[in-house]
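Both complexes below contain chain A, partnered by chain B and then by chain C.
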Partner chain A sequence: MVASGQKQALVIGVITGAGYGLVALGLVLIYKSSGVFNFAQGEFGTVAVYTLYRVHDRIGVPLVPAVAIGLAAAVAMALATERVVIRPLFDAPRVTLLVATAGVSLLAISLELWLGEARLRFIQPALSRLDRVSVFGVQVSDQRLLVLAALVMLAVLLALFFSRTNLGLAILGVSQEPVATELMGISVRRLSSFIWGLAGLLAGIAGMLTAPVVGSFGPGFLTFNSLIPAFTAAVLGGMNSLPGAFVGGVVVGVAQSLAVSAPAFHGIPGAGSVMVFVLLVAVLTVRPHGLMGKA
Partner chain B sequence: MTRRSARVAAAGGAILALGLLLAAPAPLLPRAAADTGVTGTTIRIGIHAPITGAAAFPQNAFDKGKDVYWKYIAEKGGIFGRNVDVVLRDDQSNQSAALQACGDLVQNQQVFILLGMGVASSAEMTTCAAYAASKGVPYLSTGVGQDGLTGKSTYFATSQTYAQQHPALVSYIKNVLHKTKLAIVVDNTPALNETQTSITQQAQQAGLNIVRNSRISETASDSELLSEANALRTSAAEVVYLLTSPVNFIKLAQNANNQAYNPIYMGPGISSGLNIVAEAGCPAIGAAKFFSPFPGLDVIDNLDPAYKTSYQKYNGSVPPADDVGLAEWGLAKLIGAVLQATGADLTRQSFMATLQSGKEFATNVYPAVSYSSTARFGAKSAHLLEADCANTPRRFKTIAQFTTGF
Partner chain C sequence: MNGERAERPGVAGLVARGVVIGAIGALVLSLNVLLGYTGQISLGHQAFVGIGAFTSAYMVTVHGQPFVAAVGMAMVVGGLQALLLGVVSLRVTGLYFALVTLAYGTMAEESLFNIQALTGGSAGQPAPKPMGFTTDLRYYYLCLAFLAAVVWVDWRLMKTKGGRALLAVRENPRVAATFGANVKVYTLMAFVVAGVFAGLGGALLAHNDTFVVRDLFNFQLALVFVIMTVIGGLRNRTGVVIGSAFFSLVGYFFDKLTSGGLNVPGLKVLPKEYVPIVIGPLLLLFTLTRHPGGVGQQIRPVQRWLRGGRFSFKDTHDAAILRGGERVSDVRA
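Presenting the complex of A and B:
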């Protein structure tokens, strides 16, 4: 029988893991279509949150148009990254692209520090009701439910997109046989822009939904809070499986939560983070292609 | 001279030199460093503070406030004709960065003394105190945990340490709040081990029921904070003693509020009672109460009317946006009092001797302090602040001044 504390840890893990899953979706999307580990994914989301904060909280633009502007900023940053950094290096080894995206991330964090100061900004959730749902005694706020719903919906939609639409199949074709796909008359460059723009959109959604849950954000918010757990989630689920990102995010969240709440780990600093790395190493050793990925 | 007599002469000379060395009075501090940072016209002081990192203060708050008191004093003739030049460095709420900052201030900036302004974790101050002692540089900081600072030859606390604040804190819970169920949450750093033991013992001796006693990571994840909030709710603690970074506190309170759990938060001071915490944490932090070395802005006009007018005068007529400047003002005022008492012949030795003389230094902002050669935690009282979430701007108000207990 599962003890009450462990049940609560499971609930906490699922609702915090949903945020990791959202970021992991974007990572998988880029990797699935181009084989690039995108370390800048977190910053696409952070830029969206900064933009939302600036135009909504500071300038006073209503929420819906402010969200649209924030998402547009994330997409614009992703497109700029693709055009200025990724495309010139497209034929370079993948590790070069990995380092390049890490460079984009560091540059973005530096700019956020420079323009936005090294201070936390506080942001209110769009959905403020806290006590609608209670599971095993843990109250799940409406904002957290929204994150969970968005994650499930986006994972399913993207899975359908890649399996049922010509554009989705074309993107998969580019990732597996770029030359053959080009010979079929499909523009690899245009598809690349589309994929990065979509990844930027996903990161923007992740940032805007998770920042109000945490209640605050600062320079490098999504990178520092979520990128490592999200990478673990993506690897755990399988780097080429979008539903795997969802499953991986939840598994990482639950592992973190159990490690934090387990009496055996009480008093150990960073037990949750340690558990994430243990999980990552275990998955890479036992099942390198992940829980739902294809070998 | 034969080879034999040369050897005898050399040996004799070595013994004589050794004898002179041993017979000479041992200086308290490295002699070459005694008047470093002091010229005929200026005294250079170094401050390390968590401008960035876990504390998340407004970036320019420290810069705006660091010179205000010294400009005010300069207009009155300075410290025996000398002006004070303050060099500020960011310790990033990080031990390694703190060591670099203090090293830079001492070795490159050649400061006369070091001052530390900190947050919940005293690790940065412990690091700088050890470094300052090794270099013979007087080091004063706001009171934090006593672990690692006890016995440091050049260290002096400018306000009560956490352990010194615990008797008043426990008596407030028992005699004013009339609560018995207490939870203790402390950032997980070795520098706070003694502090956690101290509050545990004090609470038990007062008959309080400690329903949870836990530690959280200094940069706790969302999952950890939600788990902790849930555990606190399950424990049914009426009062939560907190000694964490302001960021951890705010996020923990928000997570607890999300669980419809709103205990009374209370803790020792330095930074959780700053107005930025109320601005960011209300309404989740409720009527949180924190001890503080300095009062709130609501009573400063009564205690020290010169602060607000001086701050506005030297910052383009802009009124103090937060209380970081007040923290700097109070600290500078205390240092100014010690410098005045030391006299015109200023060296590190004479400054230390003045501090250790047993003389009481009162500023009406920070609590009065007095030290001896062995007693370096020399403050006897503190202010108690309470978050006022009902009014705008959201600030902490002062509910007790220079208090020693309830």
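Presenting the complex of A and C:
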């Protein structure tokens, strides 16, 4: 009984964790290109979900174009943030930039609160039949499986993008050695915009995939659900490794899910967030360069 | 006689908001100690404030202690938790420290504030106003007195050896260290002072509302404190107090404005509880990108003039601080 419960938690943890990993990818990309801890990353995703909801459920645009419009909104918000907030503060201390992105995040949350009346909205599953499929003896709803399949596909696409395309290689170059990349004739400034846009896109996808797993969304839901776990994941990956961030996300997701379900932690409110906090402090104290990063 | 004045609706509303000035002023000064004096930022201040509020409410309601003892206890607990968190996490600074405080705040919100025995769970904990200060107006004066005390302590602290060391640490931790200032100890000290002030502010807020509910202490609250500090102008006590007063009152006045007939057709009127969190970030971004010194920078000529100096708008040092690359505040651990 306990064993199957743990296994269930493990599978759920992997799926939630992959969502964290997706947010963390965006965080690491932006940190490597602009040196900013982007606290607005979660909001890019929430805005995408809100836009999707508005366009699909209110106006009645079919799902596929609605998804595209939602993702476009996330990308637009990320690009606007980069242009309006980050670029003018290019020479400011990093903590100032952090405050600025936190401001962007709060602005988005409060606009959602104001316009969306603080209500939780429930999501109709894309697969209307709520079948449960058995994977390794664990019951998983097919909604979750769909999310997992999308995440795996996305991870493969990203890996291909970063290893096979010129653009992907240029981004890797900028993040590792900006000066040398500039000397190779690549505009770091222009790539910076592109990277923010890409991070916005990733956050949008993460939001759209996380919302159906959670089942509902409200103002700032991706920030509150995923931002801290995603940062922990990025730190686990050393803040500089893209695969590290994704794997870190899965680790955080599993740890959190186990903490919530473990019988030893019953009766402790918020065991999941305690776990994430402990994990973050432990990594920062013991291995500040991350589990996979180089010292 | 004071009660009579407080019953006039306009004044009463203003006083109710004004109480918050005192309490929030203390809180924001607490953040100013941290952000302004050490360059470290706390994004988990809702935890500090909440712990102060719940400690005070717990002492008064469950243990029947007098107000003064409860507030004292809130300050002690606030300082202690800052000490604990600081010892664990101040080995990292800058961005990573901000991250740890953010995670701490969320943890407190989801875990600590849900401990039924201490906080009353979702029902909350009553926190009556102290004897003799039961009217809004009197409590307001009490808060102002506390605020004055905090301003005074803050001012005196910065004149001590520790205060000067902190300034040196902020300007350049490495240089300060070579001059024999123990950077870690002084940063920790500032963090504890911030914790004590925050505990006090939380307790004052709790007794103003006469009821503490955990939902009040969320991430938005922590960010609003940061925004007030930055807009007020770092390291400028007057500016910071003006910043917090502005945010305490802006919702009230906005409400008066909209109920007084200002109505943009087609646009939903902003409810007053959302005013600070909508206008705040906009002002924050404007301050950061255009006027990095905040209110403090704008009032500096007046302050200089009051002290007998020349009245001039030329600002030498402070404008450069938020923008400038002179500070090493993002050193990785």
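Definition applied: the second predicted complex is superposed on the first by the 237 of 295 C-alpha atoms of A that agree within 3 Å, B and C clash if a C-alpha of one lies under 4 Å from a C-alpha of the other, contacts with A are read in each partner's own complex, and residues count from 1 in each chain.
Please note the rule applied: contacts are C-beta pairs under 8 Å (C-beta built on N, C-alpha and C of every residue); 3 or more make two chains touch, one makes a residue touch a chain.
Just so you know, these numbers come straight off a predicted model, no measurement behind them.
Asks: Evaluate whether chain B and chain C can sit on chain A together after superposition, giving fit or clash.
Replies: clash
Asks: Have a look at where A:270 lands relative to chain B and chain C in the superposition and call it first, second, both or neither.
Replies: Once the two structures are laid over each other on A, A:270 reaches both partners.
Asks: Touching A:115, do we find chain B (first), chain C (second), both, or neither?
Replies: In the superposition, A:115 touches chain C alone.
Asks: State whether A:189 touches chain B only (first), chain C only (second), both chains, or neither.
Replies: Neither partner.
Asks: As a test of reading the superposition: which chain, chain B or chain C, is in touch with more residues of chain A?
Replies: C
Asks: Should A:9 be classified as contacting the first partner (chain B), the second (chain C), both, or neither?
Replies: In the superposition, A:9 contacts chain B only.
Asks: May I ask you to decide whether A:214 touches chain B, chain C, both, or neither, giving the answer as first, second, both or neither?
Replies: Touch status of A:214: first partner only.
Asks: Which of the stretches 204-212, 240-248, 258-266 or 312-320 of chain C runs into chain B once the two complexes are superposed on chain A?
Replies: 204-212
Asks: Per the definitions at the top, what is the overlap between the chain A residues touching chain B and those touching chain C?
Replies: Residues 113, 269-270, 272-273 of chain A touch both chain B and chain C.
Asks: Within their complex, state which residues of chain C touch chain A.
Replies: Of all residues in chain C, those touching chain A are 39-41, 43, 88-89, 91-92, 94-96, 98-100, 102-104, 106-107, 109-111, 114-115, 219-220, 223-224, 226-227, 230, 268, 270-271, 274, 277-278, 280-282, 284-285, 288-289, 292, 322-325, 327, 329-330, 332-333.
Asks: Residue numbers of chain B touching chain A in their complex, please.
Replies: Listed in rising order, the residues of chain B that touch chain A are 51-53, 56-60, 188-189, 214-215, 217-218, 221-224, 226-228, 230-231, 234, 247, 250-251, 254, 257-260, 279-280.
Asks: In the complex of these two chains, what residues of chain A are touching chain B?
Replies: Listed in rising order, the residues are 5, 8-9, 12-13, 15-16, 19, 113, 117-120, 122, 130-131, 137-139, 141, 213-216, 218, 225, 253, 256-257, 260-261, 266-267, 269-270, 272-273.
Asks: Show which residues of chain A lie in contact with chain C when the two form their complex.
Replies: 35, 37, 39, 84-85, 88-89, 91-96, 98-100, 102-107, 109-111, 113-115, 220, 223-224, 228, 231-232, 235, 268-274, 276-277, 280-281, 284-285, 288
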